[in-house]
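The same chain A turns up in both complexes below, where it pairs with chain B and then with chain C.
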Partner chain A sequence: MSEITKTASPVMARPLMKTLLPWIGFFILLLALPNIFSSNVGLYTMNLMGIFIIFALSYNMLLGQGGMLSFGHAVYFGLGGFMSVHFMNYIEDGDFTFPMYLIPIFGGLIGLVFGIIIGSFSTRRAGTVFAMISLGVGELMAASSLIFVAFFGGEEGVSGDRTTGPELAGINFGQDIHIYYLIAGWVFVTVALMYLFSRTPAGRMANAVRDNAERAEFVGYSQRKVRFVSFCASGFFAGIAGGLFALNFEIVTEENLNALTSGTVLLMAYIGGVGFFIGPIVGAVVFTLLQSILSNYTDIWQLYVGILFVLTVMYVPQGLTGIIMMHTAAWRMRQVGALVMPYLRIGIPALAMLTGIAAFLETIHHMRSSVEGDTAMSLMGIEFNSHSIVAWIVILALIVVGGYLTRSQLPQLRDAWETANKPPAQREGGGS
Partner chain B sequence: MTAAIELQGLRKSFGPTEIIRGVDLSVAEGERHAIIGPNGAGKSTLFHLISGRYNVSGGSVSLHGENISNLPPYEIYRKGLSRSFQVTNIFPNMSVFENVRCGLMWVHDYKYSFWHLIDRQKELNERTAEVIEEIGLTSRQHIPAGVLTYAEQRALEIGIAAAGGADVIMLDEPTAGMSHSETDQAIALIRKITEGRTLVMVEHDMGVVFDLADRISVLVYGEIIASDTPENIRNSKAVQEAYLGAEADE
Partner chain C sequence: MLELIFFSLLNGIVTGLLLFMLASGLTLIFSMMGVLNFAHASFYMLGAYFAYTISIYLGFWVGLIVAPILVGLMGAVVERYGLRYVHRWGHVAELIFTFGLAFLIEEVVQFIWGKDTKAYHEPEILQFPLFTFFGQNFPAYKAFMLLISIGIFIMLLLILTRSRVGLIIQAAIHKPNMTAMLGHNVPLVFMGVFGVGCALAGLAGVIAGPALGTFPGMAFVLGSIVFVIVVVGGLGSLTGAFVASLLIGLLQTFAIALDYSVNDLLQIFNISFDADSAFRDLWTLSLPQIAPILPYLLLILILIFRPTGLFGNRET
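Right, the complex of A and B next:
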């Protein structure tokens, strides 16, 4: 599926600098981002991204690295959040003194504890059994969150105040920019730790068990214990993400551990690409962008995310990262340039088709949800009447003509792709 | 001297069907032992029973005098018995190098460690490179095992099984589906890699069997009808009748 990063070759001979370079780049990027996007919306979005990056990566320790499909990962995220917000309140009440910026540790610990408890029975088998147990545990937790009001705060959740703890060099994390750097720091550390985990014997065997659980038993490893170790680590990091959520929003509710959040993290990891370490990072970034930008323009943004998810599952199971990584062979042979024109030739009609589909959905939505008699609507700055024949003809024409042209351009793209991926010797000899 | 492997009255049933019907077999230390028999005789089932993939229905399996019946496969592996599979059974998305390294991690005592960085473990990686050299896949070590050719995958299969230095190696039809030249290479590899160890193999190719084995057991319908030197097996009337008769039935 995605041989390139999953099977990263041993780096024994690799110079240290080359290994560290991406991390230095990552560090600088984290530092620089708030200077580029300094608005409140920008900071808000990036904070959410950071939290989701940790959450999605922790999820991928199960799905991508360990072959465990979980429908209840929000449990560890949510519990981490609740635990952290309670500790924030203890600090506020003066029950004990602890720096606020380390609060996510408590989130991680409760994620770990529940990972140990639930993992002890759910990791016995992978596949359907594991998926069903995760779903059951998820429902159980969501249900108990409305029962154990003392801990979960019932329907309104639990709120806290992150500015009350001992200050760090005069910073009390009252401002968004402070919390950004706090989250960025945690993102850097946890991403590095999760990457390093994948390069340990436990992490490598997680891959082996995912590939072939039976064979792993014949080289001395209990598949159950291998899964268990990954599961606990995954719970720990999800808990940290939950702790950061609590710090960022100062409120944690039942929604943070229910099936919706579990679905979201699956979506993020999958759209980004579960076969790659950076896949879930890409997924978290894209998802957060869609959520915060797209939702400004349309009420039905979740429908588009859903369509994106279905298309990913059907046509590019390697995810967005997989699409980029597909080009490495052509890139190495300096052939990517040859693909630009073919992409444009198929991209323009495809864009027309997608515009048509979006207009179709939006118009339908407008007809169904607007007040009776209100037929005037606006889409991308174009004002039109949702009941006019002309509008519908344009929309349908966009879809049909765009779709037809897209299809007609497929063969040329396929040819160009093959040419670009041919080794140079063959290209000159066989030149098609 | 205790036998490397000792089977006593071993039985296995699937529902009402008894596949292994009371097998007694003793494989001495350092011996190369081949199990032959017609299709459906239960050779692979016997392998699965010894290596822990199946639970036994009756009787016992001993490894170096210790009863290992019904232990999980990983426990049996840790006691020094390693096996390959008839149908290639590797880690297809991982590189050849990683496949072999997986076969070495437990015996290098890493267990479920999440505090060792794998690429920094000099001894482990050097040993991995040695094994890959032995199975002749050095030039292919960085590609995913799933895209190797069939013969290469078979070599890798043997490599994973033998990498950990288990003193009893079991190979299930190591040369099945190979061409003549590939078979010759495979025999040479098996000979080299099982030097000084106990080998139990299932094999259909009689050339390979008579070439490699010190002793041969003939399994027919879940029972061992003869266990002797290649010379005696070749000349045994009972074996010829049972074996060829059974073959003719198919």
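Right, the complex of A and C next:
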């Protein structure tokens, strides 16, 4: 770690071991995961997760750390993917020799190049102007991708073969498990790099410019240059994520750089929590799980994601990580235990209500989309007739009773929360 | 050639005025609250779907009146209970909220009406060619769209410049605190403007639904174009929105109608190119091909060289 980190950090005498411990844990976790989830679906999900983790973290370099709301981040992701898949094809054709596992570098480089080009005019302002330029660039690229067929491959995209490169110790990355370790390695390195970036003076100044651009200028930093550096770095890492996407799926299409992907990454970062470094990681993991697991059970999973997103923006702008982090005070005072019972008391009726709402939506969806006369449906293993009165009574009862009980438990939760966040000394003194 | 120009001009004006119905609401909302409403085009979509459902039971004309009112009420509710609540988290959160809302509305529309295109048609009285010019028909429905759009434009202009309500709105745009001090209920004005803006978008949806198709992606198709208009015209400028709407409308129709390519240009100068080069797509680019990207190119150029827009006087 650099000098600056040490002087900037309030805990100067923090032992090296303690700083490294989370990283060692992260490393072991990455190594151990495929042994726990060894199925094909598990590997597929984890590969996607890894790619999205890098993508979402690179996005958060803009939104969370730099205060720039981008609606076109998929441009760098997609371009990185296209560049990488082209290089995969060059290797396959024998045009030049290069290890396949380093291909994402090219993705990162083109992300960087486009970051420099686009950043040179878009980072002049933050806020709405930046958001609009990013939207315009995003739409421009998405539309161009259908015009320039030579590079973007038109509607069917460009596909490659990752197994054709020189082998690494007899491994040609043909199997999913190999690509998992490849992605895991890239995830570890890029996450560490992005963390270190947030600790450099450039990363720190990005925070300063986000919070108060005018003051940062008085300290002597050009807000534009500070934003520009973050923007380029962000483009670079997004390109790497795109390169990994190309390696993993061996195909990149126009879909990877359109507005939908840009929206997805905003969603992931925001649901996870943009105010924390690990927020986008949490968001990427949760989103991928929702996408791959929920979509197996229901057609309307995107509706749930939409509801979750809007509720997050409205009520929990700190994101899921923010909710966890709210408990640090109580955790430090060893009083989290006092919250378990209140959480259970409100959690069970709330769960019942949510189940009821989900069942309500699912049943309506089933009634509308199924074939005429097909009234049998199953939810969570329970078979029932979607047109029967009994089913509707049960569903409505779940919502109403669950909702009522949840409401009735709110005051006790508030009390418990206050007690848990009160220092122990004060509590023994009688409290209030 | 003449007929091509004539019809492109007419179609461009119809598209432009339709876009203005969306852009006018959006730009008013922006100048009051400083929020670019990403969900604005979603209200346009809701208008089309509401009108479709109403037209099944009560006919097109009832839908024309009722659907915009419903959409306007929904907009007011969104402002009152959504946007005003999110305001406490700052501008970025507001922007993200409207973005999430756009996403959610699209999902809800798919949930309620399904993913396929709805058979929402113009009323039978308007299903005839109004006139024939050089062997081409001009449908009466387009003239009807033109009429409604012009009517709305004139009404909006009169309300904003000639009425007391318009005076208060203009005051609230420029000096909200002072207007509140004078005893006007500014939050109510905001809610009203948001509601009316959404109702206008809804009305645009009602009349555009039969012409452009009623499907879950219709908000997405138009949404970003409307942003381009608002930014190009100048954020918060109604005149700018009007000029930019017509500009974009004409730009799009003419780019599609005039089939010229870079190749033609090169041939004038007697330059030939290698058909196998990586840039071959660049040399064969034609105007209809780049029609969809022209508005965004314009947006980026405007934002770089004149961030206030054509008629705007402030930079967000």
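The criterion applied here is as follows: the second predicted complex is superposed on the first by the 418 of 432 C-alpha atoms of A that agree within 3 Å, B and C clash if a C-alpha of one lies under 4 Å from a C-alpha of the other, contacts with A are read in each partner's own complex, and residues count from 1 in each chain.
The rule is simple: a residue touches a chain if its C-beta (ideal position, glycine included) is under 8 Å from a C-beta of that chain, and two chains touch if they have at least 3 such contacts.
Owing to the predicted nature of the structure, the values given are computational and were not obtained by experimental measurement.
When the two complexes are overlaid on their common chain A, residue A:Y270 makes contact with chain C while staying clear of chain B.
Of the two partner chains placed around the shared chain by superposition, neither chain B nor chain C is touched by A:L405. When both complexes are overlaid on chain A, the residue A:M333 reaches neither chain B nor chain C.
In the superposition on chain A, A:N212 makes contact with chain B only, while chain C stays out of contact range. Applying the stated contact rule after C-alpha superposition, one finds that A:G203 touches chain B and leaves chain C untouched. When the two complexes are overlaid on their common chain A, residue A:E139 makes contact with chain C while staying clear of chain B.
Residue ranges on chain C touching chain A, taken from their complex, read 34, 36, 82, 85-86, 89, 91-93, 95-97, 99-101, 103-104, 106-108, 110-111, 114, 220, 224, 227-228, 231, 235, 278-282, 285, 289-290, 292-293, 296-297, 299-300, 303-304, 307, 315-316. On the chain A side of its complex with chain C, the touching residues are 63, 67, 69, 71, 121, 125, 127-129, 131-133, 135-137, 139-140, 143-144, 147-151, 259, 263, 266-267, 270, 300, 302-303, 306-307, 309-310, 313-314, 317, 361, 364-365, 368-369.
Here chain B touches chain A in the complex through residues 51, 53, 72-74, 77-78, 82-83, 85, 89-95, 97-98, 101-103, 105-107, 110-119, 122, 125, 141-144, 147, 160-161, 164, going by the rule given at the top. Touching chain B in their complex are the following residues of chain A: 1-3, 6-7, 9-12, 196-197, 199-205, 207-208, 210-212, 214-222, 225-226, 229, 233.
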